[in-house]
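Just below sit the structures, each encoded as structure tokens.
Common to both upcoming complexes is subunit A, partnered first by subunit B, then by subunit C.
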Partner chain A sequence: MDWDIIWLFVQQGVASGLVSGAVYALLALAIVIVYRTTDVANFAQGEIYMAASYLAFFLIVVFAAPSFVAIPVTILIVCGVSAAFQRLVLTRVAAARGVSVNLVIATLGLSYLLKGMVRFSGFGDAPRSFPSVVPDGTVMIGDASLSYLDVVIFAASLVVMAVFFWVFTYTKLGRAMRAVGMNRRAAALVGISLSRVQMQVWAFSGGISAIAALLIAPKLLLTVEMGHIATLAFAAAIVGGFTSLPGAVVGGFIIGIAENMVGLFASSRAIIVTPFVVIMLVLTLKPQGLFGGAIRVRKV
Partner chain B sequence: MNRLVVILAALLVLAAAVALEMIATGYVVYLVNLLLVTIVLSLGLHIVIGESGQFSLAHAAFYGIGIYTTAMATSAGWPFVLALLVGSVASAAVGLVIGLLALRMRDIYLALSTFAFGEAMQWVFMNWESVTGGPNGYNIRPMHVFGLEIISDRMAFPLVAALAVLVLCVTLVIHHSGFGRALRAVRESEIAASAVGINVRAMKLAAFTVSALLAGAAGGMFTTFSTFIHPDSLGFSATILVLTVVVVGGIGSVWGGVGGAVVFGLLNELLRQMPQYQEMIYGAILMGFMMFAPHGLFAALRRSR
Partner chain C sequence: MRKMSKMLGLLAGSALLGLSGVAMAAEPGLTDTTIKIGLFGPMSGPAQAYGQDVMNAAKMYYAKVNADGGINGRKIEIVEEDDRCSPNDLVAAVKKLVEQDQVFILNGGSCSAPVVAAKDYVVRSEVPWVMLNASGDGALYPPQPNIFGAMSISQRAVGGSTVEFAVKQFGAKKIGYINHDDAYGAWNLEAAGPQAKEHGATFLSESVDPKITDVTAPVLKMKAANVDVLILTTYAAPAQLILKKAAELHFNKPIIVAVNAIANLKQMVDNVGTKDAFKNVYIQELLMAKPGSEKLAWVYDMYKKAYPELSAQPGHPQVYMPYGIPPAEVVVKALQAAGRDVTRAKFIDAVEHLNFNSVMAGPIAFTHTEHAAQKSSIYFKFDGDDLTEVPGVFASHWTYKAN
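And now, the complex of A and B:
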């Protein structure tokens, strides 16, 4: 291969990788905050995201709701459903037999329930295209070309991440979430309501998933199986150490770029298997990830 | 008295099996064969999740390795018993490697890496076209058992049933042996287990290896009555199906796995009339059991009495 072509591929791979990586980073953030504060690995993350994009599609196409109504309504509904799932199902599962196997199985249950509901609604029979509010057109960055939509996705993701970090670092709500993530009993002792914070975290993660869905939906076709993208978010979270928020963001970009590079240099068939290979390699060789710090041994 | 009940139950099952072989329609025999394979799969998953408390989400991958290896050995002209053995051992060898992963991680990390392995294996089945036929699927040749060619579900049934009973006996022996107690000790507390002299690492490896061995055997059983396998049926949803069976029967109970498979097999038949509800009902079952009956259907029934 010619050096010029390789250089072009590298630029295009990085540019496209940053765009898709931004969305993976958002989903990875949702996975990580939920895991840190409620000890649940949310295997339904991808399906929450999938259901959110179908909900928005439903509102816009069937109810003919304008985007400025449909978008906030979608985000609010997904927040509410996530919080309700935590409140009604997960607390009950934890009380019945709160081992992690059971919690994971409950989220797998949610993922199947959501898939089944979307299929039942009749919209899942064929791939649907989501109406885009961003005009068509491309910009060139270096030799790489990106559509206006790509630029909007990337910029909006960065804004959402900035808001997220502001909430997490400077607000009372964010401090409570961090405290619960560090030490549950100590947080309860200083007057933080665990049940309320855990519910808020789920609502928060639902909101981020909905935003990620709204951002990338116009770029992809809607299918019931589109939740597969959560595997990439899991890979991103694992690369970042699974408990680190900055790690999730960096991991998202790494996975996005790696995915695009594999697509450009190897084959498009190899893209599918990339996240699984990354997950296995990172967990086997460096289980604490890039940002996980030293392995902590839990005493009995 | 108790022994009498067991003997009567065994005779009843035997009579049902003979009746099935004599008078049932081909479709019913096919369903029962499939049910027996599901039972063996769920017993395999029971060993790793129920007994040793390790999370494995790659069961369909081991099943697939068993199917392809057995089918290929048959195509090469090997007798069934040998082909089944090769399929099971190949699956067990991969299980041992995955067990090595389990030594380094636990809980959700293990769940994620086994999930990733399962998906990667499905990708291999789909893309290694020279061996598995890729997206075109693989045509399984008829088996030869002691010179007899098995060409129908009805001919395969005694063989499948015998293997299922054998696996059930092996699982029961493991459950009641020192090995089973050691596995459960690891499940309850690794530190306490190693304090009483149990080799925790060896137990984890053994659990994964035996579980994969049984899944491979289930794959071998499948090849006796099925003529075709496609990678689509070896994905995550197949693992979820087996997991649902184990959950319905009760995690940690051998007979629960068997009962769960029967209940679930019947439910599945009912759901065939309305496939649009299928995923929703699976999801509701998984969530509902985790919320209200984490020890399974039979434990819940016993408690409500």
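And now, the complex of A and C:
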């Protein structure tokens, strides 16, 4: 292979990997924030993302709603549904001596419910396109070619991540979420309402999933199975340490770039297994994940 | 002595009658006036578009045959089952048709994986099975005594035909090929590579997961390899992503899109999003002419007459509707050739001697060792709006060789 081609592959692989990695990172953030504050691995994350895409599609294509209406409405509805699921389902499952596995199964139930609803709508029978508000065209970054949409996806993802970290670090809501994530009992003792914060976290997580969906949907195609992308987000979260928010972001970018590099320098067949190979490598070399911190043994 | 020979004669006569009675009893689904055929396909569910109107086309053909007097004094009686293109549902449907409804032959299957799931049962049952429009390579190779199919095309023939077109139309010396990394993809790749080699062309393939979302790697590799032509034999969604990515990466060589990705051309254009991506795109067609054209008008007219309400609905007739005609023709022609004393064995023998032109690009031809009928395609240049036919018929050369 010529050096020119190797250099082209590296540039394009990194550029395209950062775009897809940004979306994985957003979904990984949504997974990690829920896990940190409620101890639930949300296996419906992909389907929440899928349902958000279809909801926006219905509003724009079927009900002819303008994008500036459809986008906020979609985000609000997904936030509301996610919060309602936490309040109406998960709290009851937890109250009924809910152990972790029951809560996870409840999220699996939600994933099947959402997929069933989209299939029942009749729009899930064939891949569909989501209208893009970004014009066609490409920009060259070095030798790498990215569409305008790619650039918007990447930039918007970074903005959403920045807002997310600002909320999480500097607002009262964010501090409450962090407190619940660190020590639930202590948070309750200082007057934080656990149930309210957990519901807010689910709403927040749903909102991020909806934004990820709205960003990537015009690039990909809408299908009932599009939620499988959450597998990559889980991989990103695991690589990052599963409880670390910066780790989720870095993990997303690592997975996105690794997929492209493996596809370009090894084989396209290997793209699908790349995230799992990365997980294995990270767990073998650094079992707590890249940002998971050292394993601490508490002496009692 | 004469009494004795009379007795022996009577005994021999009754034995013969008994034997013939056994012979008749061994052929379920056959009466003096009817032949029972088990017709199945996806009448509901997400894959309905692949088979609902294909079944309707077969039914209208059988209805026409019945209206014209039937076959050798018998009318065709249809028992329908919905397989939803699901392996479980298809196997259940086939078992019901064979064991409960006792059909004479099976005629069905629009999706490859489900028909492969039913293969072993059907082989054991020894009931002749003429597939509808499934590629069905897994059930057709190696050839099974009682299974016939690929009247539309097999996946091997998809691969061989697209390569033939690339070489003959574009003089391609370096062929890029993106397929799936599943059995479906392996089947079409198995014929494509050797056909390229036969023409002395270099063949580069990239196999991708059907759920792939980022197609940068396979497309960029094809561009970097400077292939003369790129063939896509993926399903619709990956093909659409690849067309979009090829435009983004300024890949400007001809792209041939195999039939696997073309259930709905308008949807394809909508999903790709830009007509710029269709500047140099060719699509494979299995019918003898453009769907809805004059040569095929009789099929569409027959459909409108048979299903006036359905044909008035949007989306009907479905794209694959005419594919239902050749399987029904195979059944009818083989039954006619097998004669009034038809048996399943005679029917199978008759199918193995069929060679006729139907509505497809190439002849419907079976032999004792080739149970996949159709191997040719025609091609259209597609600019996102209009289809322009490229002259010629392009056939796959791949043949099954037992190890």
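FYI, the second predicted complex is superposed on the first by the 289 of 300 C-alpha atoms of A that agree within 3 Å, B and C clash if a C-alpha of one lies under 4 Å from a C-alpha of the other, contacts with A are read in each partner's own complex, and residues count from 1 in each chain.
Heads up, the rule we're going with is that a residue touches a chain if its C-beta (ideal position, glycine included) is under 8 Å from a C-beta of that chain, and two chains touch if they have at least 3 such contacts.
Remember, predicted model here, so these are calculated numbers, not experimental data.
Judged by the touch definition given at the top, the superposed model places A:Val101 against subunit B, while subunit C stays out of reach. Of the two partner chains placed by superposition, only subunit C is touched by A:Thr138; subunit B is not.
Looking at the shared chain after the overlay, A:Pro246 reaches neither subunit B nor subunit C.
Once chain A of one complex is fitted onto chain A of the other, the partner contacts of A:Arg119 extend to both subunit B and subunit C.
In the superposition on chain A, A:Ser20 makes contact with subunit C only, not with subunit B. Of the two partner chains placed by the overlay, subunit B and subunit C both lie in contact with A:Ile272.
In the superposed pair of complexes, A:Ile238 makes contact with subunit B only, with no contact to subunit C. Contacts of A:Leu110 after superposition on the shared chain: subunit B is touched, whereas subunit C is not. In the superposition on the C-alpha atoms of chain A, the part of subunit A touched by subunit B in one complex and by subunit C in the other spans residues 119, 269, 272. For subunit B in complex with subunit A, the residues that touch the partner chain are 49, 53, 55, 101, 104-105, 107-109, 111-113, 116-117, 119-120, 123, 127, 189, 191, 240, 243, 247, 251, 276-288, 290-295. Against subunit A, in their complex, subunit C makes its touches with residues 46, 48-49, 178, 181, 206-209, 211-214, 216-218, 220-221, 224, 236-237, 240-241, 248-250, 263-264, 267, 270-274, 276. Residue ranges on subunit A touching subunit B, taken from their complex, read 35, 41, 89, 92-93, 96-97, 100-106, 108-117, 119-120, 231, 234-235, 238, 242, 269, 272-273, 275-277, 279-280, 283-284, 287, 300. Across the complex, subunit C is touched by residues 5, 8-9, 12-13, 16-17, 20, 119, 124-129, 132, 136, 138, 145-147, 218, 220-221, 223-226, 228-229, 256, 259-260, 262-264, 267-269, 271-272 of subunit A.
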